[in-house]
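Take a look at these structures.
Heads up, the next two complexes both have chain A, just with different partners, chain B and then chain C.
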Partner chain A sequence: MMSLRRDLVGNEVAGGSVAPQNRSRGRLHRRPLGGPRWVGWAFVLPGLIGLAVFIVIPQVASLVLGFSESTLLGGIEFTGTQNFVRLLRDPQFLNSVLVTAIFVLVYVPANIAISMAMALWLKTRIAGRNWLRVIFLIPALSPMVANAAVFRLLFQKDGAINQLLTGIGLGPVPWLSDGNWALAVVIGVSLWQSFGYNMIVLGAGIDSISPDVIAASRIDGAGRLRRFFAITLPLVSPALFFTTVLTVIGAWQTFAQAYVITGGGPGNSTMTIMLYLYQTAFTNDQLGYASAIATVLFVIIAIFTLFQLWGQRKWVHYD
Partner chain B sequence: MTDHSLRTSGTSWRRRLRPVGFAANTTVAWVFALVFSFPLIWTFFTALKPANEVFGARISFIGSRVLWSNFADAWTEVDFGRLLTNSLVIAAISTVLTLIVATLTAFAFARLKFPGRSAVFLLFVITLTLPSEVAVVPLFLGFDQARLADTWIALILPGLFGAFGAFLLRQFMLQIPAELEEAARIDGASTWRILISVIVPLVRPALSVLAIFAFLGSWNSFLWPLIILNSSDLWTIPIGIAGFTTQTGTQWQLLMAACVMTIAPVVVVVAVAQRQLVAAIGAGAFGGR
Partner chain C sequence: MKSLTKVGRKRRVSAAVAVAGVLALGLAACSGGGSSSGLDGKTLKMYTWIGGKADRQQWSDYIAGGKHADPKMAVSFSGPPINDYYTKLPTVMKSSSAPCLVTFQNGRVGQYVQGLEPLDELAKKNKVDLKAYSSAMLEQLSVKGKLYSIPFNAGPTVVLYNKKLFAAAGIADPKNDWTVDDFIAAAKATTKDGVYGFAIPQGSNPISTIMAADGHPYADSKGPKLDDPNFKDALQLLVDLSNKYKVAKPLEAAAGGSFPDIDAFSTGQAAMEMQGLWDLQHEQQALGKDNVGIAVIPSKTGTSKGFIGGSGFGITKTCGDKQKAFKAIEAMTSKSGLEYVTKAQASVPARLDALDAWSTNVGSPAFASVIKQMTGDATPSPVPSNQAQLDTLLTQYEVNAFSGKSTVSEVLAQVKAGLAQ
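Moving on, here comes the complex of A and B:
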């Protein structure tokens, strides 16, 4: 946890941990500035209460509700592990886990690879580099729903993509009527939308590498590839780790793209866990069962996050 | 010096080719950017087409007529005016409240010492890794119990307390020298006074970046509004657009006009504030995507 904290919170990754800062600021805090010691609590309380009520408690409540049968009007009735037993035999749910897992396994590595490649490319000499950066960033900061609507149009049977493909003799592709292609479109729009954001995070990581280090390796005769793997990659690894952790968390919760472009179809080929959760809770009014789905999703995300936290010691270099 | 002359003789051809490489690299990059932007360009041109020319056997950007009236039609057909007003008001309220909460929290973490500060700080850090969207069901139930479902209060409240904003401001506040604060203290300023008159003016750049992110966060948000809002007169733009697409017989040219009007403000904001946004994102201030 310690190193993630440093990473997430420290502006510069190194030296962002809490304790040393307190020590170096000793002079400021020797005499409490705000009068009585509880004054700090008064300032932190609005944020803390909000965080507890709207973020922490719902997470805990979701875990509890998973063990209940709940409807909007029928109230809450606890049923033990019944929901989870049912989940194990629910083909729709198992399918949604598979679909989301495929999404994560394709989307995350592709996202990181493209972001990294683009970040490196934009470090080379290009006229109008800053404007390119803006162009790639725009989809990441615009509404996913609008982006998804645009892609839904592009990939219609007689939409622009098929018009282009037919023009060069590659025939129309059944983008949204074939399950595999539909999932590919959902992954595609996600990549198109998101890589610009991670590109900037990784670009900042690359910028923070001292030019002396690069120059030294060049003098030592390291080639481009060697330099990337021996110098750039280790030195960017904190930013890479940070990006990967948060991209994985986001990817497991994919919703809007599938909702707008395919509605989960055709069949259930693009039914992500969040989409299935949404339908279970708010279309079918099975709030307890939906909470059980949320619990499983929470556990999956927790496992992936903890696994990365554990694994980072092997490849993430701080300083 | 000898080293240097050796290098120049070895790479002189490379140096001579440098302008060519620069031009080629630039060209490839901009062609790629153009291909990348194709979906948005296509959206714009589709928004100007007559209804029966959205699809066709061959690709063409301009239809037989250029219908700027599609934008006006989207305004009436999708009730885009109301969606736009709703989205703007909600985003404005969310932004102001987010800034207030984040400023208070960041100030406490950066400049005040109080018992339990490290523990509270750790709690804030841990919430960064919580998958927030997983918890929508109890959130919905809670607001329903409080008879606040289908209100803007329920829509706005859960989005105000993300820890990223507080951390961004804290990072800036930590850099302010203690002397400024001490001077104000000696002049008899209260803690509150110090925050308002000393700290806030100094972190104004960070506040404006946070304001942009809070605004865009609200502007883009989809899942929670979809769940909590039932009445169409309360809907935001993303809900309107999503509802529009799921109807049979979608009027694509109007939908694309709505998308243009939704994405255009984002383009303007990002273009104007690009330097600050890139710096903040690069600092990891708002997580990943």
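Moving on, here comes the complex of A and C:
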């Protein structure tokens, strides 16, 4: 599948890497569009200011605060690595890492599998498939807090779901009073909310596969499974990679579902890292410690993302 | 070449300085604290909890009461619902749009004193007689001997009951000397046809109220008394109401700051609830004015004491005109101001000299006798600075006692461990 092609300025591109330019040309001082240099900066500056104010400065401030003891209304006292050492011995934090890891391990594969299955289903010639796409996307467009509040009512001891299950002899289930069931509810609601977005992205990837390729594989005698694994999956792999990276990042940052449906309980069975961070900062008023948690979460997400970027070379095909 | 590089470097440095200056100016604008800080022209800005129409009406009534006492007073208000209020408050107090006035409920000033102006000097300067206010409330709203909030509402926690459901079960209205056994008997009698006798509230408030009824404060200067056997007994009673007596729905995992007990009572799914008197008007609107009764908190002996959890106004440290802000508080909590409020609001005024007007305008003689007992003989208790954390942890862990996964002692040990983090 690997091939050489030329990018827009004529560099040879191989397997996602850019071949170095001819060194003899030296540093490129020409500006292809002409005009003074400040014009370019003027175009870039609004974006740079936004990046600095909303991304870089808060990130740096959070990193610095992580090395301090500070409250929302009080001063800042730098305490070195004390917060990070404390994190390693904090059973509540370690539990939140475990809960979030379980969430990621269950939610991400389930989300990708459901999204892919739905995208493939909607590729078939079923009536009203465009309407179905819109319907499945609606949960992703509606606010998570509102959705979660409705689901909390549905999953109560005497809520509609238990009434239904009791009616067919399968209930009641302790959805919100047992830790394992509560985590299952949080994962289930998250799946319901977000699979529509991935379904659309993967669907677009599937739609872009040339019908000729599929027809050729049919002529060659490939069955449905063979076609999926040998044709569809490799050709949709860039979209699959994109959705997986974003879904993993979102999963590590899960907050609203647990905050609204369970408040982290029963006990700390649904206490995600983000919810613990929020409680530490705004309920316990320990801004420095919360910033240390944010830094660790950032590192965890960065490691997972870099691992995925490194791994994509082995399974993502861009042609 | 060398000079050109120098010029380029100088330009880059100048550009960097200019960008840094712009950013610094922007950030400086966030710190607030000028002479107009917290005011919108001549109008004082107040940040408070607004959960809906009822809250909006309440604050409009207090402002109208203040205007009645001092026509020059001008206060505007804004804010989020109560479950978001305390988490947003410190951020708002730190922002460039920090208000002059803030409000506190259940004496929860401890966590915010770093951003609040002590009011003792202002009270002295303006010759305000603090003895006119409920002393239990003044104590709750003080930290280390300094007063940070003037109370406007001394709403004690009471039992609210559905009169129709009591009558249908053949139960007489509770008397002021009813005991825990009487309470359980009433809850048993009213539990039928899908209706529970009692709706259990989340968090520490029901525990502190049950403890106070028998004269035991739930906290002291060191914090919540989780090792006190009375604390354990109070939580055990709540668990027993669900698991042993089957007169209440067990608590389930829920977001902190939500009120499933109020929802159950106001929709007729529970015959009794234990809430602050601030909820009375809402329940009267939901169930009918003559259908809601109030009773003292049941005690073991029958001589119940009250748990005061009222509200007060405070002034932010960044307020540009603290004298004006204090005058507004003085007006809104004056005798005539609070008497005016009782014409529209059911909440009990924090001034003892406005209680008669409350009895006349809002309550019945039966209501007045309950309030007098709950406010006149209250169990004084400090509100710990980690109150929000206590409520969050209790809400999370007590569910395990209701589901039978943990004992009450284990729950309290888990809460204690969480508070120690």
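The rule is short, and it goes like this: the second predicted complex is superposed on the first by the 284 of 319 C-alpha atoms of A that agree within 3 Å, B and C clash if a C-alpha of one lies under 4 Å from a C-alpha of the other, contacts with A are read in each partner's own complex, and residues count from 1 in each chain.
Keep this in mind: a residue touches a chain if its C-beta (ideal position, glycine included) is under 8 Å from a C-beta of that chain, and two chains touch if they have at least 3 such contacts.
Everything numeric here is computed off the predicted structure, so don't read it as measured data.
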- Once the two structures are overlaid on chain A, check if chain B and chain C clash or fit side by side. clash
- Task: Could you say whether A:V245 touches chain B, chain C, both of them, or neither, answering first, second, both or neither?
- Result: first
- Go through the superposed model and pick first if A:F282 touches only chain B, second if only chain C, both, or neither. both
- Based on the superposed arrangement, let me know which partner A:L72 touches: chain B (first), chain C (second), both, or neither? both
- Task: Considering only touches as defined above, state whether A:T270 meets chain B (first), chain C (second), both or neither.
- Result: second
- Query: More residues of chain A in touch with chain C or with chain B?
  - Reply: B
- Would you sort A:Y259 into first (chain B), second (chain C), both or neither based on which partner it touches? both
- Message: In the overlaid three-chain picture, which partner chain does A:A204 touch, first (chain B) or second (chain C), both, or neither?
- Response: first
- Would you sort A:D158 into first (chain B), second (chain C), both or neither based on which partner it touches? both
- Does chain B (first) or chain C (second) touch A:T305, or do both, or does neither? first
- Task: Determine, under the contact definition given at the top, whether A:R125 touches first (chain B), second (chain C), both, or neither.
- Result: first
- Item | Shared chain A contacts, counted only where both chain B and chain C touch the same residue | 57, 72, 152, 156, 158, 259-260, 263, 282
- Residue ranges of chain A in contact with chain B within the complex: 1, 4-5, 7-9, 11, 18, 21, 25, 27-29, 32-35, 37-41, 43-44, 46-48, 50-51, 54-59, 61-62, 65, 70, 72, 111, 121-122, 124-128, 130, 132-147, 149-154, 156, 158-160, 163-164, 166-167, 192-194, 197-198, 200-201, 203-205, 207, 239, 242-247, 249-250, 252-253, 255-256, 259-260, 263, 274, 277-278, 281-282, 287, 290-291, 294, 297-298, 301, 305
- Message: Quick check: in the complex, which residue numbers of chain B touch chain A?
- Response: 21-22, 25-26, 29-30, 33, 36-37, 39-40, 42-43, 46, 54-59, 100-102, 104-105, 107-109, 111-118, 120-142, 144, 157-158, 160-163, 166-167, 171, 174, 178, 181-182, 185, 190-191, 194-195, 216, 219-220, 222-223, 226-227, 237-238, 241-242, 244-246, 252, 255-256, 258-259, 262-263, 266-267, 269-271, 274, 277-279, 281-285, 287-289
- Item | Residues of chain C that touch chain A when the two form their complex | 19, 22-23, 26, 87, 90-91, 93-94, 111-112, 114-115, 249-250, 252-256, 386, 388-389, 392, 395-397, 399-400, 402-403, 405-406, 414, 417-418, 421
- Query: Can you name the residues of chain A that touch chain C in the complex?
  - Reply: 49, 52-53, 57, 71-74, 90-92, 152, 156-158, 174-179, 182, 259-268, 270-271, 279, 282-285
